[in-house]
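Scroll down for the structure; my scribbles are underneath it.
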């Protein structure tokens, strides 16, 4: 058994063989493969940790603020069973006592049975906070106290956790309008951690984003470019991308409702921008503008080398009431059907054979793995498949990904793991789940003689570490 | 090993370990979990048993009428291999001798290898009728005689079977126009069985239903409401729902081509009703009316507490000839792609946070489990996921459901099992299949350390019994 | 262990238990089932071997021409990782030295880990060419020499391989305009092999096919029919089908973008043909014409008995540049979503109950297996399900097919295996993979008591051999 890599004590809530196949011979091999990768450093090329954590390095205030209120995986499940948002400290009339919020959470902890959240939470409570009884109404206070006590310690501040978790590099996701001041602060402090921003320009690319026109004005102000013109607007992107790259960014990220791309002749693109800029674009033109901008972003990636990520297919803010009262990222974003081949064609025909481009695709519609994404990534040199995203960042989700994508895309057209998290303490747990699932899957490949054992030992560290670093140029 | 719960003798056609995982340790645990739930009473909150069975309690006429002619799972498979409907006693020129029909069925019994029908039929013949050789041309007559002999006995009449099967409550599915006389008869007889109706108003909601205008006239006649006006039409629904509830109904059921909902301003709804009522609605308006009525039904559920079920996505009567010659429910209903998030939005924005609403969703498009339904049910407090429906009421179908939905929806946003059957003798078999598959799945969850063993023993009776009772307020 | 059926020596690259389930008891049974079918003759009712091979019986020129350049599974994967087409001997500036091409291939052989190509290639190199070390840069030259040496031998010419592989019958796929001269040559030579053509009329049915008008002129020239009129055009099809049948064809094959069918009244069909013939049809009319022609082909199948195959849902030539520089079948054909029920309705309502029709459906959109195809094939007497196609001709693809389709379609509504290959040496490997996967699946059915052991031994040869022969009338 490997040492408990990212924690500092035994973990009674976690079985050392968790997530390994049941068959004894396969399990033995899975264990050996996991042993070989469990302690590799963490490369986290895509996620949503708060840059302020890294820049300010302040202590987390309390267990509820760490584990409950900001975690949409957690809050949505409680809401789905009738717990009001307010009881979780969110929105009008919100509960303000963290211990009360924590007790509500603890009393409903059984709801997470069979979910990835339960694995991540058990892992963090167990390995990071030394808790040895599963959370429930009965254990709520003891757990609260144990966590609160450690959160006050200097070795539980963000930068200390970075070290404790064995992180080698981590990317945040940042608005094109962000001044990256916390990244700058971390750098100026001379801190050795590698935290890099990611250029996420949705707010200045999506004409349907809130405050789009004002955002473009701000973009002009920040860059000194004339965002009233198509040329100036593109220059402003180039300028911001350069600033991000200078601060260590190696990638961009694009969260679009669909993966539609377009490659309009320049005069048409210019005319479209003019309508969009004037606020005269309808839904179809907004979609076309987003589509055109993906191709523009790909062209810029050819020039500046930033790896491009596309996350498409989520219907954001499914409940009008939740959107209005509680804002975005509250667990009411719902995936919808998506299809890539026709949508990506304009971009790919424009720059798909440019050796400088790398475009990583993510999906929430798992039917696209075998039908579309693996065939695309197994042909176009610029394409890679991102790991299972969001709801699919789970045991079954990862299994389905490997089983659906590998035969057609191969392994080297994938990019390792993303933790994609807003929950700092879930990082080691998420990477460990991925390493365990991949170890189990590789073991099955060997036992069914689809891969030699020595090949599996060669592949395991690629999946756990190397591919992420290479794919994202980290 | 548990006693053969719902039968009265040994069952040589059934292996005691059927449907349990192959791995020996996992199988042992699956067996123990199944032992703990095998004898729990059956709660059957959704199905299509004939109310006359329960009201009249007559003997079934013969084995063909019990097992062949009315079972579309059976007839479709034989038709698919060239057996004419007529040979199965259906339609023009139909064979009338039940033994001849039975022999045709028996001679083709090998067609059912690998299908759930084979499991259900083997179970019924074996446990209920004491047959110990698998059906074939060679055993046809012996099986026929064995079944016919018992069907004549009083302890094989419907109410006796209800007791024998250990049913605690069973719901039928009934037209809004049904007078519920058989339910009334069962009640008036003082019979202790709990058979409740379900309000299924498709015939008075779907403008494309046969005889829609006449149906609305009848609805008006039955209720004394003026179904010539929107207000009167809604009142008529309220009145019928109240009658159903008075007869024990706890739920409504809606079989729509799509899950589309709408929430029109009242004047528009009224105008739409007027066009629909006048027979002037085209296909798009018919769809919009069905959509609007789902939201109206949800509103009424808030008021009267009836749980709402939505079964969407079947293309009914795929063959014009079968529809014409043999009527509905002949196995030619074919699922089509479906998508829920946009479709449900109007209804959910209207009443999705009303704590009095429960809406249970069913799908035939399994891609929606992980992509849409689990995310929706894991967020909206009114939503629950119905069990695998129709073609997916099977070993593989149930596995896919658990594996696709649990991680995102959790377990408590599901509602246990529905047998959904028209075949009385299949009821214990279907529930047993579900209990076995869930036991096997839970055992794998434990062996891979995704659930503790004591948790699995806590969850198993929920899935087998409690969730159905609770979700349907039975 | 069975003898190494189609090869002449031991095969160190291949484990005798490959692709069998991990559980020891299940594996033992899988092995026994495979032993029972491993040496059955190969029936290959659908594929793309070059008729010239069989007619001319020439030696293959070199290992690269045999294994690399024409195999789009191979070239796409190398291209996806940055290898230029030219380095593989394809397109402008192509490398012409076969050994250099081979070395490029060998140096990238690790890319195929986990893919079916790796299984097929290992099998052919190992069992056919006696190679005992896995291909790599280090073994490239030795493998090249070993293959080249044997290719020069008379017992490695196509007809000898036919015998060596134990082929009983094999179908090629041939343009409606093909003169079938190589088939004729094989017959005239008095060769005992059974190589039959398949009528593939896409080039004279798809108005969007390159050279469509000229193709119709040629069709008229070949048949003496007036392909300027709808009646003459249909007659020309009848004439060509008769010629194909006379040369042994038992089937037609239709590769359409969608499975849309239509059944227009004759005057409308005639008018549509006139517009199509005149080159005045837009995209929608082209689609309608293809749709109408599927129904016409089905009608002709009723008359002449040719089994009809429909392969729908591939977006051909996804890259404009690859299409232009390297032509079709270069690995840039990408599946798109597809739906069958509405699309097939016109054809099925026209001839779906005609006992003379058999229509075999193939899909690249695996979501359709359980949702649509199994329900359709389990009802309509004319329909059968083709085996997993193209990207899904793989371990996982075959598993998903059996698990998704069997419960609803049964086994006898499937048609056994197609190798569908352009790569002659992959034939035995592909059939062996299918037999192994099916043996493993049947073993699991038995171990989980969904099938009796003697039934599994009855079913295994059906899946491996008999169903293909029967379904295709071979």
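For reference, chains read A, B and C in written order, and residue numbers begin at 1 within each chain.
One rule holds for everything that comes next: contacts are C-beta pairs under 8 Å (C-beta built on N, C-alpha and C of every residue); 3 or more make two chains touch, one makes a residue touch a chain.
As the structure is a prediction and not an experimental result, all values here were calculated from the model.
Copies subunit A and subunit C of the same sequence differ in orientation by 120 degrees, per CA superposition (steps of 5). Both copies, subunit B and subunit C, contribute mostly unmatched positions to the interface they share, with under half of the numbers common to the two.
With centres defined as mean CA coordinates, subunit C is found 40 Å away from subunit B.
The residues of subunit A that reach two or more other chains are 21, 23, 337, 367, listed in rising order.
Per the touch definition, subunit A reaches subunit B in the complex via residues 14-15, 17-23, 76-77, 79-82, 110-116, 119, 134, 315, 318-321, 331-337, 364-367, 391-392, 394-397.
Of all the residues in subunit B, the ones that touch subunit A in their complex are 21, 23, 25-26, 337, 339, 341-342, 345, 348-349, 352-353, 355, 367, 370-372, 374-381, 383, 403-404, 406-413, 444-445, 447-452, 455, 459.
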